[in-house]
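Just dropping this structure here.
Per-chain residue numbering starts at 1, and chain names A, B and C are given in the order in which the chains are listed.
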Amino acid sequence: MKIVKEAITVTTRGHNDIKDLTPEVQRRLQSSGLKEGQALVFVQGSTAGVTTIEYEPGLVEDLSELLEKLVPSDRVYRHDETWGDANGFSHLRASLLGPSLLVPFAGGRLQLGTWQQIILVDFDNRPRTRNILLQFVGE
Amino acid sequence: MKIVKEAITVTTRGHNDIKDLTPEVQRRLQSSGLKEGQALVFVQGSTAGVTTIEYEPGLVEDLSELLEKLVPSDRVYRHDETWGDANGFSHLRASLLGPSLLVPFAGGRLQLGTWQQIILVDFDNRPRTRNILLQFVGE
Amino acid sequence: MKIVKEAITVTTRGHNDIKDLTPEVQRRLQSSGLKEGQALVFVQGSTAGVTTIEYEPGLVEDLSELLEKLVPSDRVYRHDETWGDANGFSHLRASLLGPSLLVPFAGGRLQLGTWQQIILVDFDNRPRTRNILLQFVGE
């Protein structure tokens, strides 16, 4: 067994910008040469999260609206008074969704469902460049 | 260290059907022969999720109601217009809960709390047969 | 590759008490001697959860309020009738947040963002002593 490390840089518009990471994660898995194991996807930072979804435009917008409903951006959070950067809602959404995801792979392929893609959701209130850390553990 | 792969097939009624996976995961762990390590539980598909709960009927129904409150099924989501299968709410709940869970084991036993079980929640709006992928990593 | 196991005991006040686990996880990682790999943080029990946040007092209180809003403590859940311990809301919040987190490390350091800390949230309605299981997998 071994670990192969990779990193992906993703530029986002913030404001619930949702990016499909699947093709790039699969590409890096391929070049790792590993066949059986687990892919860790981890986003550095406290205003973004990682999960899976069927990546189609309607649902992507539904998810953005849901997060706006659960954690509204149009109120003042205590965090906003701490720093004055007015992105308290971004942090809270990130904590709720979580920064890491673990996906099994076999035969060198991510074992996602057909309609299941790995996404980054950038909750921040401005464009960001995100550092996504990957680790492939296996044989 | 090595990886042992397993799969569990679970038949659900959909509509927030919640299944206790713990006995089967423990059984597969036993037969893997591994003593110390980590159990990955991953559900393929974009309308189901995995987490832990105290698996007792009252709480199971509470969780179902909570998810209905947070992501109501009685409104129209954009995703419903895309495919016409009216399960936008199922996808959103799945993205919120997430598809994967990692549980440590020691002495060949899952190290869950006494009142902590591994569950599959099937959010889809119809009965489904689910493929749960397991990976035991350890020694 | 190998696995190094550790456990942290944390005393909480319950009621959404939020503890920064980062310094202790980093300390244990250091003493494991491992340089490259993954740190699993898992809380045993069904009324606590683990995630990341920028650990500053304002945001910590924001998160507590958000969870109170999403899963109110001032209503009766079915679970409360089962056991009479009135902490149905604690269980539901725990299932939503999840008990496990996986963080990559490199050069013997957790690869968190600068403003990203690992937290335990204790949702129970009374003080608790929590058992946090750690596993460092790597080389």
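Operating definition for what follows: contacts are C-beta pairs under 8 Å (C-beta built on N, C-alpha and C of every residue); 3 or more make two chains touch, one makes a residue touch a chain.
Keep in mind the model is a prediction, meaning the values are calculated, not measured.
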Between chain A and its twin chain C, rotation from the CA superposition, multiple of 5 degrees: 120
Same vs different contact residues, chain A with chain B, by half of numbers used: different
Whole-Å separation of chain centres (CA-atom averages), chain A against chain B: 20
Chain C, residues touching no fewer than two other chains: 1, 70, 96, 98, 102, 137
Complex contact set, residues of chain B against chain A: 1-3, 5, 40, 42, 44-46, 70-71, 77-82, 88, 91-92, 94-96, 98-100, 102, 133, 135, 137
Chain A - residues contacting chain B, complex: 1, 36-38, 51-54, 56-59, 61-63, 66, 70, 96-98, 101-104, 106, 111-113, 115-116, 119, 137-139
